[in-house]
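As written, the chains take the letters A, B, C and D, and residue 1 is the first residue of each chain.
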């Protein structure tokens, strides 16, 4: 379950020149002595300078080892393939799954959305403001409400009405449209449940925002149920989508205080702000290769 | 379900002189025009000065009306019974359930605890520091670990070992011991589930601290399950105990951020701080008659 | 200093039909017995139903009394002038400063901004989403960067380049433009200091967002100074503008955690989110007449 | 200004056996390529296993490099001196200031306190609960209020009345008493300003809790001034003491929301909880060698 190591070879170069000179090395392997030494030694010999390095060991050093290194080096562009090839021997020695990516390459993503546009807007806005180093290449919706918004950003919009009967056929068309065009998907309040069949094409590459503090209020209408239960905090959760509804690895969560004066509608309105914040954080971390997955949990190495 | 209006006639006077001169009026009734006017007019004619007044209407003014008023008046001690008698006609007019209490009277409570003492300590400490205007009259435990701590505060300690076979008999003895001695109970990490039969003697008068952000992780071992689920925030919940385990009206909740470096033990340690804070807030609000219950929810009028 | 009682008679009716049927009564007066009774009695006799009522007494009931009541009544539109006239006798009895406003009337405001558009965007967006019940009637800037954004929302944009020499003349022109068109002003990252002369035309009617947790880092470059000081939380403050720079009554503040990895630029980026949230909250409260000013402090009666 | 590298050779062994088997290596040096590789290689060759490793580069890799490594190794006790000696050559190569400590050694500290006991209590309690791996060896106070509390924990209490005239002489006596007995000092609401002369004996080894969100409200009576300014959040700050009052490197800060209903006394009461939390965090991090100082800022590598 280490799909995050899939090469993102189909990532595009940014249209304009970038000063994102560095690269990232992500590693997952059985824990063992000498891993950090070997990786650091490798980078040093290649003339690379470590900018940031984070690591995590599960089970007190007797489980799995995770590492993320940001580094810089001269002439990285021309030497990148060589660098990757040279790392293979280190990786083999420790039975690593690994990925090396250039920071300047932008991951491409599609956004799925229904009628509510707040999460989509926040994503597009953060992208336009330069806070998200990625490329939203299309927006897919089962409704048309967000079309003009999307097109005002110069992003293609695709309308796919769907119901339970047509879902398999619609998903098939969506998969064809996405094929080779995107690295991952963002469900920005897409009120349809994707089939396991669909999800299997993008393992740990579909980020969903759920409008509750999971695992509380799995499923439909979480604000209504939060209101009925009389909770004193409402929340939102960004997670990777797996075949089990709302059960995938949690990337980020946040909450805000409510009290008896808040009706379900007030919670919904207030929750929009939390959803926006939480989803953008999760997408940003995904874009910057900051999220590693261990079983059903995430390890997030923050900026 | 408006048990909060039970008279707390058995509350004790504080041992030392107090400047808590005021009184509180709590009201619950069907919503109707003129309630606030009638209450305010009544207090004005009685020469009372309103210090704080809070109200809440459910269903946009078409449901139930809740109100809490703090007021002061000259010679309140000698006039209190007269004041209560005089209010009866106002109460009848609006079909009110109501309670009038003098602020200087301290509610008496028993604390139930097992081995972990952090919530008990925080309560005793807050009480000693004068932050809790109430009287802890005894501590009951199914273990002996906290005995010397309790007795160092000059509070009687009672040891009731219990298992599933002896529980009915033990609870019977506990009820006899509590009879007439306390106004409410605090379960400060009491790792036993009280029988519905026991709880029925103290309806909405038993406050429990649950070590999760309810309704997530109802039941046993919430920190372990929070760890397994990979949540990014852990929490605690203070609630009134009802026959349904962990389903009673929530009084207060809070959370704190965790990440992949936190093991289940770290979460437990960190959670202790949240539990302490949340439980003391709930007990303080209960002591100050700030909590009203509407169905399975609380209305908290904060200080 | 109770300028909030200035009649907002120049507020416009919303273009489309609204179901905001209620009205608000705001009161400030010397504390005395019987105020609540008199107000509640008045509303009851007028057939008004109280939806929400908040009050605050300074100096433990020996200072000034503040109150905000939301109420509904049949045929409020046609009866509103009568209602206001009838209240005069109550107001005189308690020496009240007061204001009665219909909830459906939208206050009109101008937004001042320089180059950074995040606060402006958030305001326009919240307005478009229906979260701000008010009317942004123009945007004024000393730069042109935000012009197309503003015009895409169908809002007039006015460009006023300014420097220290031209400031008096420019402000004179701005005042002429604003005259009779707006109820209040929002400085959404306007990097010019308004002259006391200008501010005196809009006393307690100019809301500014300052990018620090005031009173820390008054003045220029707060993020840079926060970085230099090594604080562990950064914040933002919305306040009313007075002639003393960054010293006016604070409406709202919030903070977010940072650590040693955050450079001044990261703080700036992160701070944008706090600024957006804090400013929109303050503007919303101002629009809904939730803010009363006592000396140099605000009393905010939240929704 | 890298006093944190002072050897803590006078730390005591814990009285009872401990399973804290590991060690910590703290490094500060000019940034350069190959540091991580050299350190990791060194530890690997010594048979040490890295448990946690954190690093930070100032000025984007062109300033100073800070690192903290937790590691385990067989027979660490007997080999520790050898390990230290062996590291000297690595340290010389990179011009490092460094410190290697065994995790099981407890730092010894004195607590200075005046009359208010909440911070002292929290420290003693956290220590008793096993959350603070250190040794409070004495409490020094200019008052006697906390004496019985301190002695109930079996800790020596020393009473040093002090005024501005006697301060130099009193500090001289305190220094004699502390000499060789403690590794650092904690000012747990000690309402005296230590002279620069005194502080110079414990550079970056005196932790103070200030009852405001610094740099707001430097100096006396911060809650009163926070109340007067009308802030919407109150806070507390733990920092290292330097000769400049309240200007030393900030270790930790936190805040809590207040509103117009909070008087200065309420803020004080509420602030106690923030102070307690913030101070204990800072002391815990200091005890675990998690704090490095760069200029007037701290780098905290959290657990």
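Here is the rule we go by: a residue touches a chain if its C-beta (ideal position, glycine included) is under 8 Å from a C-beta of that chain, and two chains touch if they have at least 3 such contacts.
These numbers come from a predicted model, not from an experiment.
Novice: Starting from the defined contact criterion, work out which chains touch subunit C and subunit D both, please.
Specialist: A, B
Novice: Taking mean CA positions as centres, which chain lies farthest from subunit A?
Specialist: B
Novice: So using the touch definition from the top, which pair is joined by more C-beta contacts, B-C or A-C?
Specialist: B-C
Novice: What whole-Å value do you get for the distance between subunit A and subunit C if each is reduced to the mean of its CA atoms?
Specialist: Those two chain centres are 38 Å apart.
Novice: From the C-alpha centre of subunit A to that of subunit B, how far is it in Å?
Specialist: Going by mean C-alpha positions, subunit A sits 43 Å from subunit B.
Novice: By residue number and range, which residues of subunit B touch two or more other chains?
Specialist: Answer for subunit B, listing residues that touch two or more other chains: 52, 261.
Novice: Along subunit C, where are the residues that touch subunit D in the complex?
Specialist: Residues 56, 213-217, 229-233, 235, 249-255, 259-261, 294, 296-300.
Novice: Give the list of subunit B residues in touch with subunit D in this complex.
Specialist: 52, 118, 121, 125, 129, 131, 152, 261, 266, 269, 273, 277, 302-303
Novice: So in the complex, which bits of subunit D are touching subunit A?
Specialist: Subunit D reaches subunit A through residues 33-34, 36-37, 39-41, 43-44, 47-55, 57, 60-61, 72.
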